Amino acid sequence: MSLPLPVQLDAERGDFYRRLLHDMLRIRHFEERAGEAYAQGKIGGFCHLYIGQEAVAVGAMAALREDDYVMSSYREHGQALARGLTSREVMAELFGKATGCSKGKGGSMHLFNASQNFLGGHAIVGGHIPLVTGAAFAIKYRGTDQVSVGFFGEAAVNNGAFHESLNMAALWTLPALYICENNRYGMGTALERAAAVWDIAHRACSYDMAAETVDGMDVLAVFEATERAVQRAREQQLPTLLEMRTYRFMGHSMSDPIHGHYRTKEEIEEQRARDPIVTFRAQLQTERLLSAEEFDAMDDDVKAEVEDALEFAEQSPDPDPEAVWTDIYR
Amino acid sequence: MATVTYREALNQALREEMERDPDVFLMGEEVGVYQGAYKVSRGLMDTFGERRVVDTPITELGFTGVGVGAAMVGLRPVIEFMTFNFALLALDQIVNSAAKMLYMSGGQVPVPIVFRGPSGAALQLAAQHSQALEAWFAHVPGLKVVAPATPYDAKGLLKASIRDDNPVVFLEGEMMYNAKGEIPEEEYVIPLGQAEVKREGSDVSLVCYAKSLAVAHKAADILERDHGVAAEIIDLRTIRPLDVDTIVTSVNKTNRCVVIEENWPFCGVGAQIVDEVQRRAFDALDAPITRVTQLDVPVPYNKQLEKLTKPTPARVIEAVQHVTYA
Amino acid sequence: MATKVFMEALSPTMEEGRVTSWLKHEGDPVTAGDVLAEVETDKAIMELQARGNGVLRKIFAPDGATADVGSLIAVIADPDEDISSFQPTGAAGGGAGAAPPAAAAEAPLAAPPEAEPAPPPQAKAAGDGRTKSSPLARRLAQERGINLATLTGSGPGGRIVKRDVEAARPAPAAPVAMPGAVGYEDVELTQVRKTIAKRLVQSIGPIPHFFLTREIDMERVWDARQSLNSLDQEARISFNDIIVKVVAEALRQHRACNAWWQDDHIRYFNEVHIGMAVAIDDGLITPVIRNAHVKSLRDIAAETRELAARARERKLAPEEYTGSTFSISNLGMFDIDEFTAVINPPEAGILAVGGITAKPVVEDGEISVRRRMRVTMSCDHRVIDGATGARFLQTVARMLENPLAIVW
């Protein structure tokens, strides 16, 4: 399957494009500083960085409404930030502090903000795909025009939860949007070594479900594909599977070397040429929709925000010991 | 009062709660058109339609997750497992999703859902269809586990479970569905977490739940008639949260305790009860607590062999004689 | 190592015992604490326990044989140990000769699968010197001031359980402590009293008895008993129970009659333990209602019934028929109008109770028919003087004639 041609820029939409760039840059800088904080021992546990995949979260989220439901996997810092969670509450959660978006009880893999309908990072591969389907079921049950969106990696599509969900979403015509971020590796196992069919979008054929393959390094392509899928969900109550072809520039988690044994340095260098931030910035500058000064200001802005978030996380208190006994039952 | 079966009591609870709260719906295999594998949902589809009585494909993991997801955004699903043996396929959704959501979201995302269906051995269904897995679920903080033994309790507890804001594992029994009992005409709800003294006695406390209540009653009758032993029967009704106070009050009176449980002995429900009682009523005990459980084997198909594996009144009497030094 | 099995002193006064039956037979493995045999003492049938582990190799005193306390009646040893040097030491006679080893002991009941396994025969169950007891038994023993080491456990492996503690009674030397009161008071003899004692003994035998008799009107007690028993059919309170209660209360008020002669001093008790003479097939035994002064009528009735029943079966433990401070003998049921009872030393008094009979009585110059009962108190003159005993009897009579006075 060939990828669609790059989206043509519309000179009228400069502010929107600059916001997309800003949001990607914000995630990039946040993740770089989170990686450093992890190295300093300030963040514990598993920490999966999103560097390289920013266009997927930012492009997709830009097509959603505030009342849509969003769930993601454990590599969800980017989706949380793109959804509108503050850098402070996300960084504080990574630090395990009481001021974190999950009160320090969830950590990197379980970011939640119910008021923004951001319903979690979930850390069992594929486990949240039925939950996304369930939220879509609830939307249909209530008869609203919301959409339920789920992000997951390409490794999850070999999992039963994925197939059971797609079957029910198609069978019951649910307003669900399944966004597969194909970053080519399930931890250290390449897609080709795990899947019989390499075109993820083809998986939707089994369920007669709409699907698209999207250049996940092109934020506008992501945005527009998501818009089409969202429209299908809102207007026809039909689910869609979107395969976003992307790449992670970092290791699987912080305990994983950047390339390791499963991929080469050269491959990463080659992919870095597709860096969604670098390419989109160049595109905007070529089209004279972004000046060097504007970019510098944007860069300063996100850096200041992330520095503030680090400071906030650092200064925030640990949860009260009593908190260990709360939120088990309601 | 009206005399109904355990099955009808459950049906009434579902019907009343669905009438009361439009967010309540029933989902599972064969619950609708087929009217329920064990006919618990008989007639509900006619009343509430396909929207609220949802037949699913045979995909326990998938539809359980759908239920949890719907609960996360505010609906109150009742998920029926044709038997709880099939719930093993959905364990990830029950344990990793439902039980953990409130905690790992820092209290933001409750999961008000009921997982219900028959549990434990019926008759000659062999190893894969005869498991009593209450201890598996009761092990998990975040889940509540309910196991009613009578039609009255089944109705009141199912209504309470549906109204509860937490995931509730509601264990029924194929062998109990036809059991008859009286229930009042007016509406009632039985709070979760309260055991009930089903029979008063002074000599030994028989702690039981679900199908083991009937075993306890039979044993108590024989103990009274032939052995002059007055057994007190504590029906747990809810396994988690466990009503330890009621058990301890009884043991303080009788000084002896026998636990009758459907599950396997190793790390079973009774093991937890033994732990609680020995810590809270150590000085009241005149004998070690004894357990009557499913034998520690997979359930065999052969009728005679299967009989050997289940708790029986005879085994309970033997255990009582052991703790009363008779 | 071999363990000698002796005829043990199983009651305070036992001098010889008769082996009624061996529960273990030659060749049986035994563990310390196992019951080897039932032995009939002068008072009851008692259990003889093994004091060592091994095999019951030789029985010298077969079923039915009588042996002196301290004589060798059996040997426990390892299966292959040489026991030829062991010979019976004391008189052992009667019986039908040594019984052959029983072919097979009754098969033990299968324990429930979850039950704790019985200790293997060779395990040092009770032989390790540790007293095993249930948590409840320990608590009860502590509350009642009972030394667990003095009890024999009837549970698995000799575990002392609730029923063992309940069957036990505190030893006389360590009576249940009353809050704020010592169990008794020892009073040194004055010279006058020593002289009286000596002279009276010379006069009439070891215990100088004298007797006080009076008649008591029982009309009100009759009515009171009827109405009490109509309240609770199960309670079944007898006249004797009422007399025990009244005597106990009177003794509380007249400590001078609640005493033991101790040769060089008199022991006055603050607690009342009533000995209740019970006829058994071949004699008499006096089970004790302990602390009768603080017990309710219902409790006294229940306890008396239970003790009397076991007394007739000769199942009383020694501590259940010793330690009384005063005794009552009632022959009213045999239609005896009046009699004298012999003091049970070292007690200082005993009350002989006759039957209740209707008879004409002159009252305020009128003759009426009343139910009357005659009692005779035997007193040890070394302890009780005439007036002392008479005042005590006066109190007894007053309470029986006005039953409410019991709670006055």
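Points worth noting:
We just call them A, B and C in the order they show up, numbering each chain from 1.
Following the convention adopted for this analysis, a contact is a pair of C-beta atoms (placed from the backbone, for glycine too) under 8 Å apart; a residue touches a chain by one contact, two chains touch by 3 or more.
This is a predicted model, so every value here is computed, not measured.
In this view the innermost chain, defined by its CA centroid being closest to the centroid of all protein CA atoms, is B.
The interface carrying the most C-beta pairs in contact is the one between chains A-B.
Rounded to whole angstrom, the centroid-to-centroid distance between chain A and chain C, based on C-alpha atoms, equals 87 Å. In whole angstrom, the spacing between the mean C-alpha positions of chain A and chain B is 41. Centroids of chain B and chain C (each the mean of its C-alpha atoms) stand 53 Å apart. Among the residues of chain C, none is found touching two or more other chains.
Listing the residues of chain C that touch chain B in their complex gives 111-116, 134-139, 154-156, 161-163.
Against chain B, the residues of chain A that register as touching in their complex are 69, 100-106, 110, 112-114, 119-120, 122, 124, 127-139, 141, 148, 160-161, 164-165, 167-168, 171, 326-330. Against chain A, the residues of chain B that register as touching in their complex are 25, 51, 56-57, 59, 61-75, 92-93, 96-97, 101-110, 141-142, 144, 165-166. For chain B in complex with chain C, the residues that touch the partner chain are 255, 265, 282-288, 290-293, 295, 315, 318-319, 322, 325.
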